[in-house]
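Have a look at the structure that comes next, please.
Just so it is clear, A, B and C label the chains in written order, and each chain counts residues from 1 on its own.
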Amino acid sequence: MAYLELQGLQKRFGDVVALGGVDLSLARGEFLTLLGPSGCGKTTALRIVAGFEVPDGGRVMLEGQDITDVTPSRRDMGMVFQAYSLFPNMTAEQNVEFGLKIRHHPPAERAKRAAELFDLIGLSDARTRYPHQLSGGMQQRVALARALAIEPRVLLLDEPLSALDARVRVHLREEIRRIQTELGITTLYVTHDQEEAMAVSDRVVVMSRGHIEQIGSPAEIYGAPATPFVAEFVGTINWFEAEVLDGGRGEVDYRGTRLAVDAVRGRSAGERVVVVVRPEVVELETLRGGRAPEGALAGRVKAHSFLGAVTRLKIDMQDRADILADLSSTRAGAFPIGGQVVVRFPPEGTRVLNLPPS
Amino acid sequence: MSRSRLGPWLLILFGAVYFFVPLLGTFEFSLRYLRGVYSVEAYRIVLADPRFARTLTYSTVLAFATIVVGAALVVPTAYWIQLRLRGLRPVVEFITLLPLVIPAIVLVFGYLRLYNSTSVLPLTGSERATDLLLMFSYATLALPYMYRAVDTGLRAINVHTLTEAAQSLGAGWPTILLRVILPNVRAAVLSGAFLTFAIVIGEFTIASLLDRPAFGPYLQLIGANRAYEPAALAVISFAITWACMVFIQVFARGAAEQVAGTH
Amino acid sequence: MAQATHPAIGPPPTATSWVNQMSWTWVGVVPFFVFALMFLIVPTGLLVVGGFQDSQGHFTLRNLLDLFQPTIASSYLISVKVSAASAIGGALIGFALAYAAIAGGLAPWVRPALMTFSGVASNFAGVPLAFAFLATLGRTGLVTALLIRLFGFNIYSTGFNLLSFAGLTLTYMYFQIPLMVLIIAPAIDGLKREWREASANLGASAWEYWRYIALPILGPPLLGATLLLFANAFGAVATAYALTGSSLNIVTIVLYAQIRGDVLHNQNLGYALALGMIVMTGLSNAAYIWLRGRSERWVR
């Protein structure tokens, strides 16, 4: 039985549909991330789980019990907010002890638990400081400790790193994952940063406009995107429309060029599909002889973006869409700007998606 | 969290009642001049009273003078404080808060002592001079609001850049102030002006102690002697205050748009 | 711009020397300081000094001692009572109203409407306000008459009288409540929604939220605003004069009579009276500023 389940959640705000029927389940101890752009409904879903919004339809089940109508203070969940998490009039220690104080734990016990948690987050020296004396990253760590102090059944995090500097973000997300694994606590995480989602989650739920686009492990989401939205949102991708030529051998026609694409096997000829290729999969060779060989395309390098280990080349494909190709920076020198290149898509490296309904 | 909204709504309702009932009561009372029937007789009497027109005119003229003097004092000062004399800012701000701390009655007491007929500057010696003193008193009362409005307005425009641009085009300081700065804080000045107007029209304490024929003392006089006319006057007075507030809102928004449009 | 931020980039082509520039700067500011001296600092200072002088101009503390005469002491007491009552009443109701409109989850038009009306009502003071309350709660006022007509209940039979301490307090609250709404609104805005939600999430009830979080945070601004309201009421005279005339012996009325006609038969006592007022309003404002500084410390 799933530990936490969202069944058919629906929510609208006025005319806007925030959630149009969302179904999810988390196993005990799982780290699940809701990923998507603003307005996709991820925060609404989280707030419904926390009890701060009441859904118009659907249920929230925790350990088999319907908690949809339970008030937030009785749900036994710990939440970390994006900003202003901590109570400004209390020290870090008092913040962390707050949940225990409300539950009438004796002071000695509260102090002990707080000390354990400060150890866990590595901020034992900052216990007596006030929030305004702590950096953003430290505040969020204390907020995490505060949420964990009450030993909640579920940990909820609403874009906890969005307001922090990039370097702090990377470090802190690893900390969060480490602590979560150590404690084995079921966690629901919300973010719009796909790199963050991929780095820490057991599974990722990609959402758009109140609906779930895809649920899967980070590798699945990245390597086998199920919809164009997922393909574009997660990582960078090349995509273009093509017509199936031969469903048996797996070939498509892309504006007059025949390309081999294994993934169209089994489809009928004449069907229009979306072909997606990750930049790191694209193969480049210098063009000799003025024409591209069979099954490949010709183009001209128009820009280099130096990304450190990798350089991203933007290739002008004449009357077709630009193609992005990622090469190791040492190799990229062989394809200078203005040079003519041959662009190949390995047949097994491309994916195919259905055309989105217009 | 679906909390009951009943409590807050009841409170707002109570607030609305507390706010509107006295206004309603005043209006109703003002219509009662003729026994047994509602009429605007009280208003007719008030508007026909020559003293009404005289004192209202007096106060209006004084209000305009106060606005001009107030703006003339505040705009250059606020400008120079922002541009050059940053260090003096706390001093100036403290001064602009003094009229809020020192009650008007204390101020006028001080004026009477300082400027009576035996002093160096006998401002109470003649009627005109007392008018002048009254105007400066009003400028003092309005100072906090005028300064805050202009200061906010100046902060919203880039004073340094405008000044440097004007200078590089050959403008001298009077030109810069009059032709460059003032037009850009026009909306803020107007907003401060309407607040000044509201203050001056309604002011009683200073005008009565300086014995000038202003609107405030006239109101009090009618109130002491008549029954229904005061209510009519109160309605008129409230209407004027309300109109001023509306204009302030309009110009405050105008100020924001004026700034947003630049650049 | 590559130029330095120092505004004196150089004289305008038509102008001249550094002296000329500086003199323009001071021309701009000197009138203001002269004005402040003439109409704020010196008059007030003279009163303060006069409070410490006798009729020959010698230094004395006699006037201050005379402030404790029964009549004057009682006038201060009444002033304090009226000001405190209207300040506390205004603070409580104003806070409740502002909180309801800002954080009470009501329709979006409620807050702007409340702010606008508060802006207007806080300026509707003085003589017209007294008239308004006379017309509403006076012996023949609208509400008085309605209560008699609808419920057979005459409020004046309970001993209530508009021309009294209670009546004046009630009238003062008409501008105290809106003033409170305007002053406390920013503080309520500063109370982040996340704190309410975090406290609920950690298991706290609404009462516990107020006790441990909201009231400690709002405490200093609330207290400061109440003090501001106190100072505001303490210095008011027009409303009282128009409403209760000289029958209610508050400090400002006594001072008014003194200025008009030296009813105390002692000029310097009058100055001491003014000095006492300045001390009251000055302390209240100073406390307000101190409290505001304290509350801004936490809430960034």
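Here is the rule we go by: contacts are C-beta pairs under 8 Å (C-beta built on N, C-alpha and C of every residue); 3 or more make two chains touch, one makes a residue touch a chain.
Note that the structure is a prediction, hence the values are computed from the model and not measured.
A summary of chain positions shows that the Cα centroid lying nearest the centre of all protein Cα atoms is that of chain C. Ranked by C-beta contact pairs, the top pair of chains is B-C.
In whole angstrom, the spacing between the mean C-alpha positions of chain A and chain B is 57. Chain C has its Cα centroid 54 Å from the Cα centroid of chain A.
The geometric centre of chain B is 17 Å away from that of chain C, both derived from CA atoms. Chain B has residues 1 in contact with two or more other chains. Residue positions of chain A touching 2 or more other chains, listed in rising order: 51-52, 71-72. Within chain C, residues 200 each touch two or more of the remaining chains. Across the complex, chain C is touched by residues 50-52, 71-75, 77-79, 81, 83-85, 87-90, 98-99, 101-103, 130-132, 146-147, 150 of chain A.
Touching chain B in their complex are the following residues of chain C: 1, 3, 5, 7-10, 12-15, 21, 24-25, 27-29, 31-32, 35-36, 38-44, 46-47, 50, 93, 96-97, 100-101, 104-106, 110, 114, 116-117, 119-121, 123-137, 140-143, 174, 177-178, 200, 231, 234-238, 241-242, 245, 252, 255-256, 259-260, 270-271, 274, 277-278, 281-282, 285.
Note for the complex: chain C touches chain A at residues 192, 194-195, 197-205, 208, 212-213, 216-217, 297-300. For chain B in complex with chain C, the residues that touch the partner chain are 1, 3, 5, 7-9, 11-12, 15, 18-19, 21-26, 28-30, 72-74, 76-77, 79-81, 83-85, 88, 92, 95, 97-114, 136-137, 139-140, 160-161, 163-164, 167-168, 170-173, 177, 195, 198-199, 202-205, 209, 216, 219-220, 223-224, 230-231, 233-234, 237-238, 241-242, 244-245, 248-249.
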